[in-house]
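The block underneath contains the structure these notes are about, expressed in structure tokens.
So that you can tell them apart, the chains are marked A, B and C in the order they are listed, and the count of residues begins at 1 in each.
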Amino acid sequence: MANQAAIELKNITKTFGSVVANKNVNLTANRGEILSILGENGSGKTTLMNMISGIYFPDEGEIFIDGQPAVIASPKDAFDYKIGMIHQHFKLVDVFSAAENIILGLKEKEGYNLKAAEARISAICEQYGFELDPKKKIYTMAVSEKQTVEIIKVLYRGADILILDEPTAVLTPQETQKLFAVLRKMRDDGKSIIIITHKLHEVLSLSDRVAVLRKGEYVGTVETAKTNESELTEMMVGKKISLNIERSEPKDPQVRLEVHHVDCTNREGSLVLDDVSFHVNAGEILGVAGIAGSGQRELLEVIAGLQKTDSGAVLYHNPKTGNVDLLQGKTPLQIRELGVRLSFVPEDRLGMGLVGNMDITDNMMLRSYRKGHSAFLERRAPKDLAEHIIDELEVVTPGITTPVRRLSGGNVQKVLVGREIAAAPTVLMAAYPVRGLDINSSYTIYNLLNQQKEKGVAVIFVGEDLDVLLELCDRILVIGGGKVTGIVDGRTATKEQVGLLMTKTEGGAEQ
Amino acid sequence: MIVEFISRAILLSIPLLYGSVGEILTEKSGHLNLGIPGIMYSGAIGGVIGAFLYENACGNDLANMNPFLAILIPLICSILFSVFMGLIYSFMTVTLRANQNVTGLAITTFGIGLGNFFGGSLIKLVDSDLPSIALTKTSKFFKAELPFADDLGWFGEIFLSHDFLAYLAIAIALAASFVLSKTRIGLNLRSVGENPATADAAGINVTRYKYLATCIGSAVAGLGGLQYVMAYADGVWSNNAFGDRGWMAIALVIFALWKPSMAIVGSFLFGALCNANNYVQGLGAETQELFKMLPYVVTIVVLIITSMRKKREHQPPESLGLPYFREER
Amino acid sequence: MSQNTKKHHEPLIHIVKRDDMVWWQAWGIRLAAIVLGVLLIGIVSAVLTGESFFEVYGIMFRGVFGRIFEGKTSMLWKFGQDTVILLCLGLAVAPAFKMKFWNCGAEGQALIGGLAAMFCMIQFGGKLPEWMLVPLVIVSSIIAGAIWGLIPAIFKARWNTNETLFTLMMNYVATQIIAYYVYIVGGGSNVINPVETGALPVIGKSQYLLNILIVAALTVAMHVYLKYSKQGYEITVVGESQNTARYIGINVKKVVLRTMMLSGAVCGIAGMLLVAGTDHSINKDTVGGQGFTAIMVAWLGQFNPFVMVLMSALIIFLRTGAAKVADSNMLNSSFADISVGLVILMLVGCEFFIQYSVRLRRAKKGVEA
């Protein structure tokens, strides 16, 4: 069974407008093996897999399944070839139950029979060791449950080529181990499993072979047993890099921002911040580590005045007046009127930080348009600022009047960070500022954060890459299930230590 | 008088029921069709044209008319007209991904224009003294009552005295309710309206479902126009007489929380409200004008109440009004 | 579902989202859609009436502009009047739509504005001097329209109540209030005789000149407001992304309320122009469904007031012209609605070709698109 090619890609190319997402990619996945697709964010992994599962159609190239040329023009075609994909963003209907989602789109002989479907789902759960209530509505589920639904959905359809897009991004280590055990079981069943990831240790512990993509191009495939972390990194980023992020000692650290016992309930009514307390000093970078969705976003939004708190206090020590101001319960505008210079680089760049359809100048104005007493806009200063940022941060853009949604991810981020820093903040918050950015742009961002720190700004950096957090930050606050599980020194803490803290309360929070 | 009031309210409610069930089917596929008022007009005029042609073919003699054909021909013409409008709407919004609200409004302008154009032309053709055209013979067939309805007193008048299209409306509403909640097709359709990307990934032909739901929904809504002319108005078409019932049907969808079975109750209530001004004693003509406001005010109140009680299952389909493009990034 | 038959199933037509098109290309496509629509109307008219294809356009032109080459300008003035009323309503809904607030209630807001004007003209006519009465008429109609627009906005801001349906229903409430008022004042005759007190003065040659000038000023003002004012900027941000608006500290609710007040107020002006500036009377059909047409004017004009001028002129030209074609050939006048609907559908549909490009797969092998 093994070493028999299940799926083979030849010279696949896909472009979106002027962006080349995949260029001449060749790839083979065998039966009875786990193949990892490794690559940085934005290297074209997901686009490639979307072409196998029929979401996109390649511009050029061919796909072979079991040696036969295949045309996969729609997800339905993919099912017919027994290909199933578990997307990173779950494709589930929120108001449906698990069982309804699983049988969606199928044409079973016995007609519409939810009971029979539920029984079959339970059988699959038993076979591979999942836990799932088929009657539960999706909108009441935790992320890991939703992922289980996705996997069962694919198995229910009898898929024998499974593609998983970053399946561990939302899971705790325990959940990850559980998932890996299931995947190994499936491999032993003769299924072909393709897993997209950018986490090296997962690649090494799980897969049989690794295919590497870099900037949309296929670099090569190696057997996991015959490779190591540094070789894979080199393939992935092009040359061997050590992170080597500069880190200066904080000068004259004074408390700038204090958060005391903050509780916060989100719109769905679940407690997302549970008794959170910490402080940030001027002239330091405080890292925030945690599994995605542990309350990082809410934490920053509480400070920025975008999210209401149930209880607790957020205090700002104003360096100019020496006053201590209460921030919670105030709107962003009221906070600014207090003289608090708070800059915020949100996670959702085009959905929150910038307006995609406006040009760079008009986006600069978002922060400053209120200046002056005139009822009319003053576009000269924002235009100068836009030109300055394009120049300084080497933003690649056709022109100053180009809508920002047409820029690449890295350039969008430069525009956003540039604007936030131009406001001369005393507190700078950045949520996942290097997500989706190439190495060079990432370093530009790290340098900018360091410069701010040296200027005496209190920087809060929410990151996902522990290596970066450990090299960049002075202190790291670890958050798990809405609780602060620890605050460690960035210079002395180890990866394992932080990783352990990230998952500390997960078990308890679930029940 | 109570009996007459209820019976009348039922009669008034039927076009609204057709319209709202048609709109529910369309909205379940994620399309807010503001063209329904125009589509109901075209369904009505389609039936009028069919009936007119058949009556003329029979030499305008009741004795020559075959009851089966007298009903079937207008019915088919009505469906053809409204499905044609539905097709235009779906081509624009599904294939060309045009803005649904603007397209819908244009369809309404177009459909009402179409109805009045053909209606006006027919009126001119028969050289009638009144600004209307009467198809009373065809109407007789449509309004055939159950033979024993009159013998059963108030029960008969309320429940058994209606035209067959009224019963068909309730049957369609119940059937739609069943299909939506108890069949695979219904499940697939709902998923298309909630989250087309998910439905697409599950191998459901999103485009086909959107087209079918919109066109079937239009056909159902068009029958509302037909029932209005043939049963309510005794086969008399006059321009603009159908009024704004189409908008009320759309409002009813919200009242019914996107459930066809609830639309039955809702349309009866609306029918009763539209009718109330004729049954409240001692109203001056000017107060009657104010009374006609009632259904709209009630709709507004319902709109506000449902928006205040944000229950997850009572919200509109999640992707309502949004175009779907698979390769969106 | 055999896999072999699939081999040649490669989709022939492939739809791709475009990068932004150059503006003149986009307008070229829109122009082509208009031309195509107008040609279609010509063909349908020619078939229905038996007139020659070119004669149809002759009738349309003469029907709209009259014997303008002989120096008779009355038809031209009427054309101008109809255009500016539609334009005024379009200008009113533009800021709301730009904010993605679907104000389908221009009809009702204009009617209530007109009602306020009528009420003042009747109630205070002869009791107040004209120099006081006319401003009172204007201000009261603006306020009345603003309030009528504000009501649905309050519920939208507080409970996110669906504004499309709310504003739609408010139209019918307004209609019935007018019917009630007309019944009381007209004493059951359903007609209010023209009232001259408090009417807008006639300047220049035509009674329409003042209306046209007011709307022209409004057009420029709206353009400046949307493009160069801080409030206009806030409208754009709220319309593009409410999250961004909140993030930069815009009070979204306040912007929604303020913009809908503005929208209603401008509708009120349109109603006032119809009542105090034109008819000097009011009835249920004073606005005549133009509130809906105005939505299409705003949308097709991409919320750019100057483009909206052209769009309203186009729609009025088609409506008047097609009605004339129908009239002179014993066709029903609703032919005009069909014609307008047709061209609007063409214009709405052509946006597809501006946003997406259709590629034929086989043809482009090896060719860079």
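Definition applied: contacts are C-beta pairs under 8 Å (C-beta built on N, C-alpha and C of every residue); 3 or more make two chains touch, one makes a residue touch a chain.
Please read all numbers here as calculations on a predicted model, not as lab measurements.
Taken as a contact graph, the chains are fully connected, with every chain touching every other chain.
Farthest chain from chain B, judged by C-alpha centroids: A. The central chain of the assembly on a C-alpha centroid basis is C. With centres set at the average Cα position, the gap from chain B to chain C is 27 Å. Note: centroid distance chain A to chain C, computed from Cα atoms, is 44 Å. Centroids of chain A and chain B (each the mean of its C-alpha atoms) stand 47 Å apart. Among the residues of chain C, those touching two or more other chains are numbered 16-17. Each of residues 16 in chain A touches at least two other chains.
Residues of chain B in contact with two or more other chains: 327, 329. By the touch criterion given at the top, residues 15-17, 102, 104, 155, 159-162, 164-166, 168-170, 172-173, 176-177, 179-180, 183-184, 188, 292-293, 295-296, 299-300, 330-338, 340-342, 344-345, 348-349, 351-352, 355-356 of chain C touch chain B in their complex.
Those residues of chain A whose C-beta lies close enough to touch chain B in the complex are 16, 53, 55-56, 74-76, 78-79, 85, 87, 91-96, 100-101, 103-107, 111-112, 139, 153. Of all the residues in chain C, the ones that touch chain A in their complex are 1, 3, 6-7, 9-11, 14, 16-20, 224, 228-231, 233, 236-237, 240-241, 243-244, 246-251.
On the chain A side of its complex with chain C, the touching residues are 16-18, 57, 65, 68-71, 73, 77, 80-81, 304-306, 331-333, 335-336, 344, 346, 348, 351-358, 362, 365-367, 369-370, 374-377, 403, 406.
Chain B contributes residues 182-184, 187-188, 190-191, 194-195, 197-205, 312-313, 318, 326-327, 329 to its touches with chain A in the complex.
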